[in-house]
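Common to both upcoming complexes is chain A, partnered first by chain B, then by chain C.
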Partner chain A sequence: MAALLHHLPYQSMLTTSLRISVAGIPTKRAAMSTCMASKVEPPNIAHLCEKARLSLTPQEVEEFEPQIGRIVDWFAQLQEIDVADVAPAIHVGDVNGINTLRSDKPNVFPNRKAMMGAVPELEGSFIKVPKILKENQE
Partner chain B sequence: MQTVMMCQALESPNPHPCNLLTCALYCDLSSASHSLFLKESQSSSSVVADNGLEYEAVIGIETHVQLGTATKAFCSCPSQYGAEPNAHVCPVCMGLPGALPVLNDKVVEYGVKLALALHSEIALTSKFDRKQYFYPDLPKGYQISQYDVPIASKGFIDVDLPVEFGGGHRCFGITRVHMEEDAGKLVHAGGERLSGSSSSQVDLNRAGVPLLEVVSEPEMRTGLEAAEYAAELQRLVRYLGISNGNMQEGSMRCDVNVSVRPKGRPQFGTKVEIKNMNSFSAMQRAIDFEIDRQVTLENEGLGHQIKQETRLWEEGSQRTISMRSKEGLADYRYFPEPDLPEVTLTQDYVDATQAMLPELPNAKRRRYESLGLSMQDVLVLANDSDVAAFFDEVIGKGTDVKQAANWIMGDLSAWLKNEKLAITETKLTPAALAELIDLIKDGTISGKIGKEILPELLQNGVSAREAIEAKGLSQISDAAVIESMVDAIIAENPKQVAAYRGGKTKLQGFFVGQVMKVSGGRVNPALLNKILLSKLNC
Partner chain C sequence: MISRHLQCSAQAAIPTRTHVLETSEQQASTHQRPISVIRKIRESLISRERTAVEITEGYLAKLQEREPHIRSFLHISAEKALLDAEEIDKLLSEGGGGELGLLAGVPLGVKDNLCTRDMPSTGGSQILKGYCPPYDATAVCKLREAGAVLVGKTNMDEFGMGSSTESSAYQVTSNPWDLSRVPGGSSGGSAAAVAAGQCAGALGSDTGGSIRQPASFCGIVGLKPSYGRVSRFGLMAYASSLDVVGCLGASVLDTAILLQVIAGHDKNDSTSSLEEVPDYAAQLLPVEGLSSKPLAGVKFGLIKETMDEEGVEEDVASAVKAAALHLQELGASVTEVSLPMFSLGLPAYYVLAPSEASSNLARYDGVRFGPRAHGEEVMSMFGNSRAEGFGPEVKRRILMGTYALSAGYYDAFYKRSQQVRTLIQRDFKAALQDVDVLLSPVAPSAAYKIGEKLDNPLSMYLGDLMTVNVNLAGLPSLVVPCGIAEGGTCGLPVGLQMIGPTFGEEALLRLGHIFEQTLPMNFNAPLLTS
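Here is the complex of A and B:
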């Protein structure tokens, strides 16, 4: 969701006038009214869980699916905005005039010991991990 | 723009960007070379199956170039090869919570340099994205890469095929160039078998090292073209000084996609990815094997057995073997990297970088060709930018081009190879070599003596003149002196003289040898022969 927020030009965020319940989840009534807008497909929960390595019980899937659907619908209101004359913002948050690059000078991190100390299992100076032969597991 | 002659390349219906640009630059070339620029002729290499049907291979290459920067892409950890495992790590490259990436300005500089060298369009604004997947060598669970707005696109690369394989010029399109970070190194204890150890080891020194990914258009048609494309890319990154492009070390990695189709059919065949090639020759052999495998299957009506998959090149058995099936396209759930601002370049920055580029390999080859050198010589001299620079300095002193080329490619190269040194590591200066060549030219010493004293120049950095004086090796060209030597030899060898005058003219060589022995090889050979013949034949 955070990523989606970064896509929104700041002004248009202010024009949304949906009443949101205290918990932050849009009310069912409000969500229904936007269903007619150009539909953004909600994610396939099972597929998403597999990709993100999350395990949900079938009960949780049943519970979360409609809630996620409503959140997607709430964001889908953005589809109604006519952006034909708006240049795509590649990334909101570009810092005007301030150099955001780092010079190529080495700097050894001072507390390597603490980081390596936090590694669950070491084998010599290697990090020990379970053997997974399949490359690029998504 | 030169319009010396009507160029066939421009007349073709879809002029390739290479054709237009290179045509403007090289219109002086013969029409034979010109026809090679035609895209059509580039795909003239087809594979003929046993039943006579012609197939065409379609090859595309994805290359990852590890940049030789001092630090990693997004943190200040030293980027060094061969250090103790996990010595160069920090919260950013280890993917620890709260750490934020900051882009290394050298990565941008190197990216722009390569993009310009590949004649591509530079995106003045580009962004980073997260490529998400899980694997033990990927600490963050995603790789910071560039997905839909890369730093460069739509370029091309000029390649000259080696003379011993038929020669020829090729121009291959480059789809895109983008910046990304490398993953760590995964070591499987107990080999790749499922039995054996159940654990692996991870070294994160490499995690976060900057990479440039170069994707080619699928325009190569043979293993040779693919290998030469890769070699030229290596030459380019070395010329630019952005990477050592070493395939064996892993600082340049090529993944190849191969498919075949009956000649003339527009649709592509099933694409197969090949990995694990550690050298250009391995690439060539792997691709040729794979083309053969696919054509054989297609031709036997078993084309459906060609699966879209990744195959590994097995160097031992010289074949590709199936690794696993590529189940459709991967879903990396790309989204823009929220922790990094867009990469903004000014046109001034790009122009300034362009002005700083060295003479690139292709331009150098064309210049050497115009000096009158053979293609064979051109390819050798222009291969290494240090050798080319040395050569340029020598001829810059007015030395004969062919002589300079021969000395550098012959004796100098042999000595360097023997001593395992680079041309920049010897004490011989271009000026010294120029002097040596000139001294031979004006007759002060013979070519043979020149070869003898060269090691001295290489090892001790003395000048040719110093070496000649020290050893008293200057060529004897005084006719009177030579005459007296010849007279002495003739007096000492009456039998051979009689034999020669009796018809055994081959004995001339014997007399030459004797004079050379006595004089320590210093007599001017041409003069010697003249004087000798006149004395023997009187």
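Here is the complex of A and C:
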């Protein structure tokens, strides 16, 4: 007789600082209001897309906005901990003070042909790309 | 040998205390847990019982037969594999028995985010479709130098971002224990391939649990080495302060041999450690020769925050508690320890990893490699190439990372997460002063159904709770199958996570080996026995 598996209530794993239900997808307004409750501006997806050089479709923007908003709101619990005088963990584990720099001598990559063979558009020894500047752009 | 597992009983086949005692006498004569698939291959080569070509042909046949059901490979390199096997046979016939590399003639899989010179390497992404790297990753180089036969590249969540392999841009891999379930991720292809006997071992990568969780879901052994133990040169970077290259195998001894080969300093990776590489396999002896209490004096600490009733399914908790009892039977002490910052590791990880990823993935722009989309000018070419090439999860994480690093938010998110990371590192350090090894489940549940968590990215992230902190601290962790949960046709495997101090792989492997070899259970995926 197979015993029923308990449905795992993932929502219960979240801290009480998450103010919106995980099960429902919040509206944009809801996402904004909860982000504002965390005193952080909700992510402006269009603005971030430009920074990240990602051309999203309007549908993708609409889909991602509440998803990312919900995740950012979930980050709010990080604000509740006292981190005064705690150094950020720039290094993983102990640093042995090893000098990781090598001598400043050029090394020749042995497989240049294969490396350049991967370039989508090659003109002579130049990698060709579309024009850098738009017309009428500074 | 425990037969109820093979009978596919509907009852949860979780070892109880009485159960362990009952079968201890039977262990020596009936225990069929493989000690090492890799050693077995080596023995048959040296004794000339089989040739390397025969062994590789055997694995390739199994691979092809099972592949339509599992889809663990993105690229199969049959011809080259057989040529490599021929080379090994040549070496053997020339009397080079003494010079055989540690992995001579052993068919292995390589996760597709490790660059391989003669095979496409896509990172599970369309943005690298058809890309053939001009070099081998250091870990791959080392496998080849040891004589390994690389049979192909395994499927993965795109750029390592995912916990189910459903985020692969190419195909969904099935769990050999139940084809309707996920193998875990992001090294799901490697785990499924090993569990299905398609290769004798595989390389994977682990940034937040990507080796350990699939190992648990597929009933095999997975090792996440300490940060810096294995070179990351040639590993497509996801989060550079968290990524490690590691290995998956059918047994602890197999993963020890794989680690032996890939570990070590690399001048091409400035984060790789000069720490000496010990002989990891040397201490992994047959258990028949050990005392009745081989773990006497060893102290284990079960992490309290991972055994919360609401945070982990009953079957998983039972399996881990039974494993703790088994360790006590072997003479160890198991106490409960607390890591107070534990739950903060998850949001900290999901700030840090996407932040680093947003920087690491900036190189995929259609300029020098990979497919290039049309654009009137270069910015729209970038935008279109990346929009067409990246999947939704990767896009989400790049955007999250861009947000967390942007001016005005850096202190609140990235810096703060780095501070939380320090606190988590301190917690681990303190706990590992009191105990030798920390224990926890690997995931809140056994393998779930394909498609179950796709609607809600956050619910998938929550499944990483038990693994991410280990990456934040850079510690080594070994996952060994320890029990069976309900589900599937024959139950679903559950793994035990064992976490050690930095560069403590030797002890972890020794303890894991003893645990594995004395546990009266086999973990053979139903696909193998059908």
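We adopt the following convention: the second predicted complex is superposed on the first by the 86 of 138 C-alpha atoms of A that agree within 3 Å, B and C clash if a C-alpha of one lies under 4 Å from a C-alpha of the other, contacts with A are read in each partner's own complex, and residues count from 1 in each chain.
The criterion applied here is as follows: a residue touches a chain if its C-beta (ideal position, glycine included) is under 8 Å from a C-beta of that chain, and two chains touch if they have at least 3 such contacts.
Nothing here was measured: the structure is a model prediction, and the numbers come from that model.
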Would you sort A:Glu123 into first (chain B), second (chain C), both or neither based on which partner it touches? first
Residue contacts on chain A - larger count, chain B or chain C: C
Kindly classify A:Ile132 by the partners it touches after superposition: chain B alone (first), chain C alone (second), both, or neither? both
Name the contact category of A:Glu60: first (chain B only), second (chain C only), both, or neither. second
With both complexes overlaid on chain A, does A:Val83 touch chain B (first), chain C (second), both or neither? second
Mind working out whether A:Lys51 is in touch with chain B, chain C, both or neither, as first, second, both or neither? both
So in the superposed three-chain picture, is A:Met115 touching just chain B, just chain C, both, or none of them (first/second/both/neither)? both
Would you sort A:Arg102 into first (chain B), second (chain C), both or neither based on which partner it touches? both
Looking at chain A, which of its residues have contacts with both chain B and chain C? 2-3, 6, 51, 53, 90, 93-94, 100-102, 109, 115, 127, 129-134
Within the complex, which stretch of chain A touches chain C? 1-3, 5-6, 8-10, 12-15, 22-23, 25, 40, 43, 45, 48-49, 51-57, 60, 63-64, 67-68, 70-72, 74-75, 77-79, 81, 83, 86-90, 92-94, 96, 98, 100-102, 109, 111, 114-115, 117-121, 127, 129-134
Provide the residue numbers of chain A that touch chain B in the complex, in ascending order. 2-3, 6-7, 51, 53, 90-91, 93-95, 100-109, 112, 115-116, 123-138
Could you please specify the touching residues of chain B with respect to chain A in the complex? 69-71, 76-78, 84-91, 94, 96, 102-106, 108, 125-127, 132-136, 149, 186-190, 192, 194, 197-204, 324, 330-333, 335-336, 338, 340-342, 344
Parts of chain C lying in touch with chain A, wherever the complex brings them together: 10-12, 117, 131-132, 134-135, 226-228, 241, 267, 270-271, 273-274, 310-311, 313-315, 341, 343-344, 347-348, 350-351, 358, 362, 365-372, 375-384, 386-387, 390, 392, 395-396, 398-400, 402-403, 406, 409, 412-413, 415-423, 425, 444-445, 456-459, 461-462, 465, 472-474, 485-487, 502
